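Each chain carries a letter (A, B, C and D) given by its place in the written order, and its residues are counted from 1.
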């Protein structure tokens, strides 16, 4: 094993490097210059993101415990893009006085979780996968509790860490059963040895619920809304987009590569869970007034839509999941971006506060509207393409009933997304949010998201590229 | 680039233009200019279509151009027209043009209004030129969604409720439609080969009958919601009554036609066997629509409600005719779409103009308006007469084609349905005359109305452009009907 | 060679621990106790892994390593959790889980 | 045969006039508009007369038979593979006769209106509508096919609507116009369905092939039986419903008396002379089809005609509004014509009823237009419609008086005035067909004489009402048309009608059957005498008779409560029990379902909010339960 082999770990290594750079600057910068870490982090991460796109050799190291393929590197790049946007969006929030001494923590913790996710995605062995998943979760709990002086932040932190501990416990218990029946923890060996027998199914279901927790699928979703609401906006957006996207990626990889043999079982599971998730997510989102909570439930429902790509086990399915994740990253980050700008400037987070927003802040309203339309799947924005292709993927395998339930659910979803649009454009308000100028970093973040929302849909080459890198069972 | 694509590009350019004008007042000038050009382009398309046909081109679709889009799913941006779409394009551009002028006095958020309106129009144009189900669906939804904003912001009455209901019901329809499209797509290559969304390609194969049985209802009902198929029409009264003038015009005039157009261009053309099997269910529903809408209109007091129910009746007639599946009835359906599009747009324009003057839409609060606003009054009467199917105006031509086509079937069921549908012409007369009598005739009930002004130049322009269409079709229907008669043949041939 | 305690015993133990842990998680009111219940769950997993490795697949060490890592990760988890619990105590002046419910519906 | 290409102008001219007056009428205001309309109609009249003369003087004859000539025909709209709607001109005896009638009366009315409508607001609109009507009516009679006829039929209806509602600020006029339109529209629905049935049996709309003895209609077997009558009979009956609606036949007659709300010249033109006889024309046009394939329908037609004439005559004896008396008289007379067609045979002398009907139509147009215009002149003078406000007007309105008297004598059927001849032929035809119907018509003849002279005596004799303004004779522009029409009424009886208009186009000789004519003259005289006794001088006799037959008088006075029945059906049944429930159903059930779905979604959403309790342990509980449930589900069930 030569040193060159480590280049397959480029994403992880780069991130680690970036992590170290931030750590060192932390150490060597004076108190008054700490704010500059923000810009440094953004720049470094931009470089990491760009470098991630360079061609990469495929391969595996550590005795196939770590595998890098073009698919995984695509997934990592997508996560990088999302994280970059989150970094940009966090810029002004981190500038607050109370956050000043902990700016580097924020970046380091986020990068750590991203490293964890990258390991998760590249895992070839359940141990690597487990380490990745914990690395991606534990720092997030710390991040959720980032705002030390707010009750809600602390509550979000404890809810996240304890729920995730329970979920990883159950996941591990499931894994132990799978290990007991298959005798290995290597993906490739498990895949070969897995059989349709009760213990395996039980193990798989436990494993499944652990993953479902990560993706916040019903009924394992209950932490989601509380954590999103309590956590700082940017952490919530990271949780809802990057964390969920990564979970979806690794979940589809594991389903496709480790459990193809018991597809008959997990298809049914996913069918049930998808219906539950979409429906319950929508029903909860319907009533929400707090924007973060609202987006939390909407993201639960969105997670349900991801499952439509899982269910067929087909190449198109994986394509659409990755594609939709990309679209979803842009859309949801745009939404969270607007929420975060408004929360930052005015401290208001309720949907009622958005009444009449268009008349005072047209730019933000348009961005929010596009985001909502994209999430709802309205043309011509990317969400339409994403949803359409997801449905195509499910329909390809003949899951028409599921597709019908899902499309009918899009109507409920449309209803609550339109409520936001209604608040901004239609409702009148005695005391609307005052006109304000967003800082250039927020603008940049939103601009990237909006460009993504618009371009990703029409640019078929993106879809085709993803398709070429995807595989089915 | 095909000239058809300009139909999508021009509105988009117009929108860009509106974005860049400083003065919101200029927005309407830019819109009017853009839509004027659109009207000219439509005229050129009609002309070149006729020229092509005269030159002996017998292809089902002409002016086809196609660009690859999503290669792996075989999705193309494919446009092309036949006589039906050409006619619909012409209708749309006239109605949009008239709509711009009908909203000349829009004062609140004017730029946004025109942008949304033209975006809606873009969707409609795109829908009519699309030959690829994916793009067609995309444009379909694109046309529906601006309605929410348009009604919500610039509407009146319970606008939020109406806008939400309308949007959700229409999108519900499109959700069903989407399932139907998937069914079509995945059965578009029953003998192996590449799946396709291309309508012409699919029409060449036969979708397995089992699949048709499943997906025909989805597709038909999906389009039917927009075509006000009973009992899924209830978005129409509320939506129309709350919408601002130009939106009602466009929506009732053009958007509802998407339903009828899609119903035969997609649902029936691609799944003819199932269409034949299930026609009876929908014939019953549409017959109910026709009579029910008319009866519903009789007792309404709000002008817009009357017209909305009337639209239910008339659009029911479109679907009714479509389901009769022969050349005459299909021709009638298309002419009815155009005729109804023109006259209902005219109605809504007039209602908007009257409302703008009297600030009420309740017929019993008005009266004798013919004296003070003769131009609008006369136009209203003509629209009414067109609506009740007076010869010499467009409605008659359409209805006769429909009745004769429907009656051509020798079976008793269809004939009885036809006779029931024919009865709507009497009921229509009742409510139209009732409105005219209460609204325009008699003595003036409120003395504030003595001082009303008659139509302004832009209102006249709007009205005259619609009236011209109604009268032209009514007086010399042969051109239009021959163009359409040729074009419905491929569809009818498949259905037989 | 396995004439001592049969595998089943370990598995029953592990299952019992697992469910005791879950039960504890669901019923204990003190956040620290809940955390301890989680440790129970993780330890039951460890027993499972070790037992399976030892009895069924003695040739490899996957299970052993796995439990080592689980222990390490559990420690990290506990560290963060306790840090947050301390913060909870500061903010809410209680570590009763039922009182930490300002976020709901 | 002569070239009739110029007849196209008969259609084009009034349309052009309408468009010009309609678009620019407001600009050219007043008299000019009237003169334009009148001039255009004068040209049309000249063309019509030219056509008639050249047709009847040999231009239309070939082999001793009047031919159907189609100088112009072009496809207007293609319907099915067999059916296409044409627009064209058909010249044959009845259409030419109708041309003469329409153009004459219309011209008279145009001229008369110059005086009568002088100073009215909307003068140019009035002439525009008159032109539209002329166009529609001429198009109707010249139609080459049944569908063209239907088209113009509708246009006639709408122009009638517009003209009845000319005084649109009067609620009664508005109501009347609406009623007229809707009732005739209802009848037209029958017409349309009839056309549908007919055209799909015969695969043609064309009158020439429909009425050809070897054509598809007459040679058809009649189609399947439905309720005991063949499809053809049904279709012809339905078509007749259209005719009955336009011609105000019982029970669709209710609109006509109300239609008198329109300006009087309009009543003269549309509701007396031309439009209302469209039903007669329609049956006459399709007469061979009726006769050969739908004799049952023809039988019904005869009864409808007879009943209408009787009922209308009875009602007419009790009305006091002079225009209403004339309206019922019109219904009664049209009943005669319809009846006459119903009892007619086909060919040669058997076709006497056909000839008589058309002849009566012709004569009736003259004298009824005269009566209406005369009544208009009276109304113009005293500003009232009620005979109770009139009396002794002969002193003030000499010309009107004389012409009105001539018209009354004509309608009463006294020789040698034109009414005598045509009525006599009708009675003769009836006598040979059915004795009961004959008796009814005899009675009607007497009633007619009675109510007309009741009218006459009440207006021109009796007490002098001491008018506020002394009534004075109308200007020449109004009296000259009266005189012309009076001439027409007197001399039309001498036209050799049986040489011109016959059922099969072959001229025949007709004679007066004195055995029928003399009793009818006597009955007419008896009616006049009774009227003379009762109304010559103011006396108590009419009231006494009225109170003696109180019940029947009240029934007749209230027009046998037909209006009330219709109102009951429309308001109480259609509005109350159909439309309101439909509207309610739509708002509450159909719409309610949609709202209900939304409501259910919202409530479910509220119901399940308890799951998100904020309690970490509850979350864990759901988590574990979910996992276990899934496991159980998949291990044991699926």
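Just so we're on the same page, a contact is a pair of C-beta atoms (placed from the backbone, for glycine too) under 8 Å apart; a residue touches a chain by one contact, two chains touch by 3 or more.
Here the structure is a predicted model, which means the values were calculated and not measured.
Of all chains, C has its CA centroid at the greatest distance from the CA centroid of chain D.
Across A-C and A-D, it is A-C that has more C-beta pairs touching.
Note on chain placement: the centre of chain A and the centre of chain C lie 27 Å apart, centres being C-alpha means. Chain centres here are Cα averages; for chain A and chain D they lie 78 Å apart.
Computed from the mean C-alpha positions, the centre of chain B lies at a distance of 65 Å from the centre of chain C. Rounded to a whole number, the gap between the C-alpha centres of chain C and chain D is 97 angstrom.
Among the residues of chain D, those in touch with two or more other chains are 598, 609, 612, 614, 616, 620, 624. For chain C, the set of residues touching two or more other chains reads 22, 25, 34, 100-105. Counting partner chains per residue, chain A has residues 158-159, 162, 166, 170, 225-226, 287, 415 touching two or more of them. Inter-chain contacts occur between A-B, A-C, A-D, B-D, C-D. The part of chain D that touches chain B in the complex is made up of residues 75-81, 83, 85, 147, 150-152, 154-155, 158, 161, 165, 168-171, 174-175, 177-178, 181-182, 185-186, 188-189, 192-193, 196, 199-200, 574-575, 578-580, 582-583, 586, 590-591, 593-595, 598. The touching residues of chain A, counted against chain D in their complex, run 158-159, 162-163, 166-167, 170, 198, 201-202, 205-206, 208-209, 213, 218-220, 222-223, 225-226, 265, 268-269, 272-273, 280, 283-284, 286-287, 412, 415. Those residues of chain B lying in contact with chain A across their complex are 68-73, 75, 134, 137-139, 141-142, 145, 148-149, 152-153, 159-160, 163-164, 167-168, 171-172, 175-176, 178-179, 182-183, 185-186, 214. Listing the residues of chain C that touch chain A in their complex gives 14, 18, 21-22, 25, 31, 34-35, 38, 41-42, 44-45, 48-49, 52-53, 56-57, 60, 62-63, 65-66, 69-70, 73, 76-77, 80-81, 83-85, 87-88, 90-92, 100-105.
Against chain D, the residues of chain C that register as touching in their complex are 22, 25-27, 34, 97-98, 100-105.
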